[in-house]
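In what comes next, subunit A is part of two complexes: it sits with subunit B in the first one and with subunit C in the second one.
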Partner chain A sequence: MERLERRLGLLSALPIGILLLLSFVMPLLLVAGFAAMPQKVFELAHLPDFSSFAVIWEQGYYKSLLRSLGLAFLTTVILFLVSWPLAYGMAKVFGRFTLVITILVVLILFVSENIRLFGWSLSLMKGGLLEGYLRAWFGFSFETPLYDWPVIVFGMCYVYFPFMLFPLAQGISLVPDDARLAASDLGASPARILFEIEMPLAAPGIMVGCLLTFVLSAGAVAEAKLLGGRSVIVLTDDVESAFTFGQNWPLGSALSLTLIVIVALLALVPISRIDLDAIMGRKR
Partner chain B sequence: MAAKPFVQIENVTKRFGRFTALDRINLDISEGEFLTIVGPSGSGKSTLIRLLVGIDDVTEGTISLNGTRIDTMPANKRPTCMVFQSLALFPHMTVGQNIEFPLKLRGVAPADRRTRAIELLALLRLPESYYGKRISQCSGGERQRVALARALAFDPQIIVFDEPLSALDYRLRKTLEKELKDLHARTGKTFVYITHSLEEAMVMSDRIAIMRSGRFEQIATAEEIYSRPISRFVASFMGEVNLFPVIGRADGTPDWPAGAISARPGALAVAPGWTGVLMARPELVRFLDAGQAADFTLSGTLTAEYALGSRIQYSVDTAAGLVTVERPFETRLTAPVGTPVTLGWDRAAVHLIAEAADGTA
Partner chain C sequence: MRQVSRSTRIALYLYGAVILSLLYLPLVSVGFASVSKARYLSFPIKRYTSEWMTAAVTSPTVHELVLTSLKIAVSVTILSMVIGFFGALAFARFQWRYRGLFQKIILLPIFFPQTVLGLALLIWFSALGITPSWKTAVVAHLVWIAPITTLIIAIRAYAFDPALEEAARDMGASTLTVLREITLPLLMPGIVSAGLFAFLLSWGNFPLSLFTTGVDATLPKWLYSRMVSGYTPQIPALGVLSVIGSTLLVAVGLVLMRWMRPRD
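Up next, the complex of A and B:
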């Protein structure tokens, strides 16, 4: 019986397994292969050569890598702080009103990310929706916040908000009410309850939310392009130019691979420590 | 009982919206007492202890401890501690960390915390090796003990129990009831325990408070509640009792509206117009052989027998309704079901409960 179940499990995982192999593992292997090729070649039939990684170091590409990671980290921290109270409310306080919030947040996702970011760009630009009207009506003018790193962080926070909010709410709903009451009964202040009971028990949700936002932000393209207007060069810009204008696939691959490895290492630590089953609602 | 009450609950009312869960409750608890509050679900017993530990706020009235009001104190400042029905152990901590939690909050040094936790493990008969165990590795009974150890580590003035044994199987429950009583004796703490099982209450408590629809029906010792219940509700709460409605005739003799019971003349005097019920406990009702006499006799037909382990119970269909008789298993009747029998019991075995004519106490 158990063997049959195992075989059925294997069979049902087969289609997605093949799809993942073709669409995920193969490109990854290609990228890894090109990363080890000499500069500016277009085929894999060369002796391995790690000159691309030397170029990353010598020509300062690592700066954009650090910038990307820094912006992603900042986005994750801000989103966590902003989302926690709302997620807490959704999980424990609002009751039926939670559904309304969920629908509102999901509705936003129905409009393409690029269109929404263009909207912000039009609203915030000099002479745009906001500044233009303010100037026309009140004679009040301000410099556009566009084309700088804070607006990129703002854009990423805006776009990746649901990816933090929902896992957090799910995580917080795992905290039993009695555990909170018992901690208070044993003399814990609200702050101690937050740090010693609620956050550790909501950890699976916190980790999933933070990982999603961090990984997505580190690889984000559109925010820097549309809101930052290429005034802030992030890693994805460098990857794109290496593959297009630069015609240097090995450099682009090496840059991508570096980001992939760093993000994967950062992700592995928390994933190995959390109980994914808990967040997926399976019984422990 | 101590002259000055340790805990004084005065005129406490709790309303949830328009629903009154507790209606002007008064209760004094003495220091070191084991008080059990018994009542059916929805009687307000859980509400009362939640007010006591500060999970909910009182609507009206005051709660004092040693003369100091505590009802206005936040839960985390009160010297009370609750053992939850769910136990509310922290699953992300080990057994040791759970027990040490209240000590850690107080800033006790790690070495001292550990010493105390191990003392408490010993007090609750858990091996020292459990210190580093995960909560998920502990059985139901062990978790129970960990929850108790954690409450004792807090060193509260009162420990409150919210039916912590209700999820356990019968045998384990019986063991833990005795352990709890024993622990109460050894620690000398004031225990307030709530349960819906009067049987459980009788095993452990110094005093029992029976609750019904947000008010106390009777507060007394187990013996008193058992033999002299104040109302039909209290009497029937602890399982099978035989209740026969009685009305006092003009000449002072009893009248039996449910069906005639023969009472020896002078055995029972009731005031004219008195209304109530006569209670006869199943174990005090006997089967009478021919020629044997009793203060009260009633004949009927044996309709069923139920073996209860060490005891055996009989149902007898009589003119006054179904009567339950209980006796030790060794004295099992030879007569089969369907045999006509005569039941008898004495004046000393009965208790009279006065009631208003409409049946309410």
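Up next, the complex of A and C:
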């Protein structure tokens, strides 16, 4: 019986295992291989010289890396602050309304992100939905916030909002009401309850939410192009042009690899600590 | 037991309503833009027209884009339902040696920046001598979507009682019969909702399609190439049609799941 289970487990893991081996692991190994190659070669049959990393340093590509990481960090912090009250409401306060929010937030995910970002550029542009109607109705006008870095952060907050909201709500629902009530009975201030009871107990959700948002926004490209109008070059822009117009696979690979390694180092700690059986609902 | 004051409650509800309306505001803009008569969009809109919509519906280019997007989404849906079904059994149901490791590996593609994945696949395919087409896009979408369907079906698999399978096996059913007669029907609601997710995520996917479809453009990819090269009324019209398509599918899916529930 147990031997059968073991065999069946391995067998049913095979389809997705093969898929990920052939089209996730191998491509990434290829990228790692190309990252070591001399500039502008298209085969791995060269002596590795790691010159791409020197190029990243000398030609200032590290700046776009730092910029991407900085924007991603800012996005994560802002999204955490914005999502916490709503996630709290979803987990503890709203009854039926939680379902409404959940459905509406999931539905928006099914609309292509570039259509939604395009919608924001129509809303925010000079003569767009907001400025146009404000001017027509109240005679009030403002400069468009488009084509600058804050609007890129705004766009990333908008697109990745569900990836922060749902893990946070899940995390907060793990906080037992008794713990909070006990603390409050013993005279703890709301701030103290937040920092010493709720946030530590909701930590798994906070970790997953922040991690997802950070990773996704560090690798984002559409926000910078559609809202930033190429005024800000992010890392993914450099990777894309190295692979396409630049025809420099080793440089593109080295840039990707740097991002992947940074992201992997950040992701490894929380992922290895999380007990998926507990989060996804197996009762032990 | 009231823990939250009345005013905090009201504030939270208001906050939720504001966030939801912000979430949908860009779609309102796209919707207005798609029916504005002016070639150069400017709000407030003075005259309305349905000509852009009509032009989009009757354009042969659009038909081709929709066909490509559909081919990819349908293939991804079917394959990811099958892969996800078995993946979910390995994830949640069977106790096997590398289950913990397997669960974590499945999460990696979901946590991975999609643009980088798309580019990595692009050089991988060209190293293998495969010309990118809608078929390579199916593979690319699967890398991201099959783990998601696995997770969705796994949630369902956690909830069911292994004793049902054991009972069938004790009465002499073979492994295959148990799978077909017990496991599959019990997991069916999860498989259907996973299929719905798979279709919609593939239909709307942009970062993976951008690099892996080759000459076969999908709707989001084509829209993107138009957006970066300047405004035309075609963009919002097609955007709205794409959203309407997804909405209809969600409606059908919800009805389907409602209909499946009583037999549950």
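Couple of notes before you dig in:
We adopt the following convention: the second predicted complex is superposed on the first by the 263 of 284 C-alpha atoms of A that agree within 3 Å, B and C clash if a C-alpha of one lies under 4 Å from a C-alpha of the other, contacts with A are read in each partner's own complex, and residues count from 1 in each chain.
Note that in this section a contact is a pair of C-beta atoms (placed from the backbone, for glycine too) under 8 Å apart; a residue touches a chain by one contact, two chains touch by 3 or more.
What you are looking at is a predicted structure, and each value in this text was computed from that prediction instead of being measured.
Because the two structures share subunit A, they can be overlaid on it, and in that overlay subunit B and subunit C fit beside each other without clashing.
Contacts of A:I197 after superposition on the shared chain: subunit B is touched, whereas subunit C is not. In the superposed model, A:P48 makes contact with neither subunit B nor subunit C. When the shared chain is aligned, subunit B comes close enough to touch A:L186, but subunit C does not. Subunit B and subunit C, viewed from the C-alpha centre of subunit A in the overlaid structures, lie at an angle of 90 degrees when rounded to the nearest 10. In the superposition on chain A, A:W249 makes contact with subunit C only, while subunit B stays out of contact range.
Comparing subunit C and subunit B on the residues of subunit A they touch gives the larger count to C. In the superposition on chain A, A:S12 makes contact with subunit C only, while subunit B stays out of contact range.
Judged by the touch definition given at the top, the superposed model places A:P176 against subunit B, while subunit C stays out of reach. Of the two partner chains, subunit C is the only one touched by A:F34; subunit B is not. Residue contacts after overlaying the shared chain place A:P150 against neither subunit B nor subunit C. After superposing the two complexes on their shared chain, the closest approach between C-alpha atoms of subunit B and subunit C is 6 Å.
Comparing which residues of subunit A touch subunit B with which touch subunit C, the overlap comprises 181. The residues of subunit C lying in touch with subunit A in their complex are 1, 3-4, 8-9, 12-13, 15-16, 19-20, 22-30, 32-33, 41-44, 82-84, 86-87, 89-90, 92, 94-99, 102-109, 111-117, 119-124, 127, 139-140, 142-143, 146-147, 150-151, 154-155, 158-159, 175, 200-201, 203-207, 219-220, 223-224, 227-228, 235-236, 239, 242-243, 246-247, 250. Those residues of subunit A lying in contact with subunit C across their complex are 2, 4-17, 19-20, 23-24, 26-28, 30-31, 34, 82, 85-86, 88-89, 92-94, 97, 101, 104-105, 107-120, 122-123, 127-129, 131-133, 136, 158, 161, 177, 180-181, 211-212, 215-216, 218-222, 225-226, 236, 239-240, 243, 249, 252-253, 256, 259-260, 263, 267, 271-272, 276-277, 280-282. Taken in their complex, subunit B has these residues touching subunit A: 53-55, 74-78, 80-82, 84, 86, 88-92, 101-102, 105-106, 136, 150, 154. Of all the residues in subunit A, the ones that touch subunit B in their complex are 176, 178-179, 181-189, 192, 196-197, 200-201, 203, 284.
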